[in-house]
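The two complexes that follow have subunit A in common; it is paired with subunit B in the first and with subunit C in the second.
Up next is the complex of A and B:
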């Protein structure tokens, strides 16, 4: 058998630069009713939210830790600070953002991307947004893009109360309950009827504080006939203690509306990423998820689409790259309720240097969902025998008038392909990186150019040093 | 009456899907347990073994049979579990180097629960072929439809061991068909090929869990799994969980599933020959099991399946 040589991954450069912690407020570690009350006071919550948080904590204490996914034994909530407020108010010009925080986002390329290709940007640093801005012409269209706290207290308060954690109730699972109890930050987006945004909005989440959690809430409502592309990015420097991300994304796609939700997740490899994302799609609407998962020590991430309206549809395109010390359990879920609905999942998983990648999915077709069409295609690439790659899809079909297909493949890089590229002058390392980039092409071709480049860079970074 | 946990998947998924395992209601206190049976087939032999149903008046029964097939032997095992009473049937087969075993199983029930458990260990260059027909029959008026459970574990322990699986099923009424198949690839260059075809009518329910597990060291191994489900009833429920677990780089694993009703092209073909939709559906349902008959070697095996099919589907 061919001998393999492994070299450590190189530094994750810009992502791993730590800022000196200089917080305005850091909540004591742990999770108690007193901490929740204190958090609620710090955030000046309305009464209903304070009660909501306490009720969520009660549910959290009642629910069990999942026994079907990767181990989260290393996560001790008694050592997680659930709220860290940076020394900055939310600004709408980068000049007013404190220099060290601004430098961090500059290194991540957020202000540059805003100038070039975005309709609006929200930037969260630890538990609060430090920057939020939307272009004038977008605001003039009536598009609301603001932070969750402002929305909850301002003129959209009723709307927030109507939709907040209705799609992902705290009883959904233990970490949804945790989110309900300690959420902070995130974005609220409302796109009015028949409004089309030609360029995307973006939120970027940076967790700098050691041993802290980030629990941002994203609530997006795309009204009838409207369309939106929303991009979400996230990263953190690596610490030797556990950090936690338990965000929640709720997407409401109304009649004939379209929403594309793209994510490049690049959390540090000490992060427990226990995120929940869900969309409900009304008649004729569509949701498209584009998801690249590269970071985190442990990840549980399965965006779910509820196709409630007739003729609604979903598409999920994802790539997961699990390297040394990572156990990433990712995939997607869809529930077909309306008639003539359709879903398509297309995913790639890559495992390397002892990384564990699991593709997990569910396709549920209710009895009411006649005329359903659903297809799932997942491919996994094993780059060595120290790693692991599992595929656990499930289908639950309750109408005969459905056409459901599923296909999956697991394999390794073809020696012939590597040999071909090497015969044309490429090094083995570059040849393998190119093949892996091509393997993940399903996601990169769905992203705006700048993000596709970032994703390919991440793959190249992960592949650096693996010669086989 | 107790609930026995059976058919557990090696890798769990979300509990709300209710597929991680199954529960069977069983009265262990009044269970008649038959003496274990050991059958040894010596080296370089060719044999046919019939594992007959237990003729008993007891409501709950269980029986264990162990078969050891020594090197270079070739054995066909036919197990007829067309049950009249609730039965737990355990079959343990050890296949030695260069030996070949073909197991044909009929699992059928009118109104009883049947739990069939098969464990097979395959040594170097051995070959195991499993042909299973699951047939839900019509119970007498007023009685509940039968429940058929099956749990098959095949360990491809040594190099070049080979497993071929062909399964056909037919569910009707309130039948429950619940299967769990786990193939563990330990040896190098091991191979498994899984084909599952079936049809569901009325309110019948089916769960198929199929796991191919490539263990570390199983380099050069290949596993393929394919299921086709024909949904013929308005109230049928089909659950399919095709799992691949992999901790070895140099392997190839694939699975596919296709679930739906008769496509329009096939229906048009039948209708153009004067065959109505219901008859066409019955023909296709029958075909999903009848294809197994072509894999059988002698008349007696073929009759076992064909007679049961005739009883259930008539001349369709």
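Up next is the complex of A and C:
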């Protein structure tokens, strides 16, 4: 117990099982206007979308790679296949999903989870959704949960056109532009006025193909007075070639509506996770983010909330676990625009075996946002002396009456606490895992039970073999 | 000596470079109650930690025999499973782990099987009532925000739930008000009656002993046991103090 702790790469055996690549179509690697046109044709895009993609590509070529965060030099865009379509059309009965893909999701527990407690499930394999199902009673309430492609072409085409990448424009940053150019798959959700969904909707993203990118687009509109809990899970097996995830999530929370958006991200440790998530909240509405980041080699992830309406509010609860070889730059942003708006960020970051975990928070209070309340709290736990944890808070306050607070704490596991737990019979590994799980319970408390269990299992996996 | 539960033989213990225990000999039989007294800083707590296996306490000489087996190289959790329990002087706060979940998981470690939730809850509730503990504490994070008294009661609660063979109580009575000491003392008595366990009580006062029958009293000074006697020795120390007792020899 006095010895130093060494942690091997975790046993990710469930997540790392690779399926044989058996694609219908695989884009040639690299990024040119011709490739984008081909992609657009292949996907049978409406004209406006084709134009949108080409315009985004232009912006992509003009923008610089960000230089303020972890290095993404290992990412060679010329060798990331942008679009891989699995050999499957979308199905709404589980039986009809091809066996190998089905096996993967079965291993990850997706259909079981659906049977238990979800209102609807979408499962994306590489670039396309392969399975989609919404419970009848949810559909009867008028809730729309479908894949983006169908939404763009079907009944909701106008709605998609009206909202698509309006909150996160391609000009936002280089990877938003990339997303605009090559996006594929993802979910569209519309919850009609005054409709309350008591059980969550879920989507699960799985990237199997080697050296591919996943660029799913999630567009959620929660109409006035409605409420929704949406859960997103992500995983991929590990290859020696870098994979890229540059998804985009746009959340529109209307007047007095409520949205909770939960994510458990466990991408493989060669993944560059450059994801953009943003919510805009109208009067009296609220958005709650619950976020667990465990995987990826490099991550840039800062869900942003724009509190546009008066009395709107946001809450962000997150945990980031950076192990060997991981550099996870995560955080949250909020922009207060409406009057009497409030924001609360509560995050925990854990780093071990040389992992780097950085927490960035950004609180912007516009002149119009009188009566703003904001609190940011960040705690870090470093499991050994080679790991690193940084906190970078930014605040831009333009009102006189804002009530803004920030607190940060950094610590390590106390040997005394480990000894105390062990003195009742627990093994050292269990004791450490229990302390780390306890540290991250701000997030697990907010998740539905089976997700909390999955998260604790992930922590347990991460902590396994951590005794030298 | 079949009857001996714990035998400490010529034990030397270092903390860092500093030698704290300098040849301690002490024997506790089955179902016996022993009291360990002595001035502050003489190594009483060190002995407790060394018996239960805190890795910060280096055993440099001698041996600890528990239930006929040397345990000095055994990790702390294995010793716990064999039936050694230490009630901490300053129980640690562990956020995110509830008292009830902690006790249940400790029990599972010890017995190798998971107790039925219903049975567990029932037993926990009854035991908490014995200790006049508010049931709400079961679902609170382990010791987080507990008062000094509640922390000590939580230790005795663990003792009664885990039913070890040997309980070492390290100043469990310090900082408690009169009622709390009485509750704790009764709890210890229940442990004796129910489990026929042995006790090694480190204390400065007689209050905690009121409900108990003391078999042997040991006095420690500067890392060795300097005097042993029966329960009357406790009263002698309380009335005379360690200095006078020593001078009288």
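Just so it is clear, the second predicted complex is superposed on the first by the 460 of 468 C-alpha atoms of A that agree within 3 Å, B and C clash if a C-alpha of one lies under 4 Å from a C-alpha of the other, contacts with A are read in each partner's own complex, and residues count from 1 in each chain.
Just so we're on the same page, contacts are C-beta pairs under 8 Å (C-beta built on N, C-alpha and C of every residue); 3 or more make two chains touch, one makes a residue touch a chain.
A quick note: this is a predicted structure, and the numbers were derived from the prediction, not measured.
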{"item": "First, second, both or neither for A:326, with subunit B first and subunit C second", "value": "neither"}
{"item": "Which superposed partner A:266 touches (first subunit B, second subunit C, both, neither)", "value": "neither"}
{"item": "First (subunit B), second (subunit C), both or neither touched by A:389", "value": "first"}
{"item": "Which partner, subunit B or subunit C, touches more subunit A residues", "value": "B"}
{"item": "Subunit B versus subunit C as contact partner of A:441, first or second or both or neither", "value": "second"}
{"item": "Subunit B versus subunit C as contact partner of A:425, first or second or both or neither", "value": "second"}
{"item": "Intersection of subunit A interface sets (partners subunit B, subunit C)", "value": "1"}
{"item": "Subunit A partner contacts - residues on subunit B that touch it in the complex", "value": "11-15, 17, 19-20, 214, 216, 219, 229, 231-261"}
{"item": "Subunit A to subunit C touching residues, read off their complex", "value": "1-2, 414-417, 419-428, 430-431, 434-435, 437-441"}
{"item": "Residues of subunit A touching subunit B in the complex", "value": "1, 67-68, 360, 362, 364, 367, 380, 382-385, 387-412"}
{"item": "Residues of subunit C defined as touching subunit A within the complex", "value": "52-56, 75-77, 80-81, 85-86, 88, 91-97, 102-103, 105-106, 109-110, 141, 158, 162"}
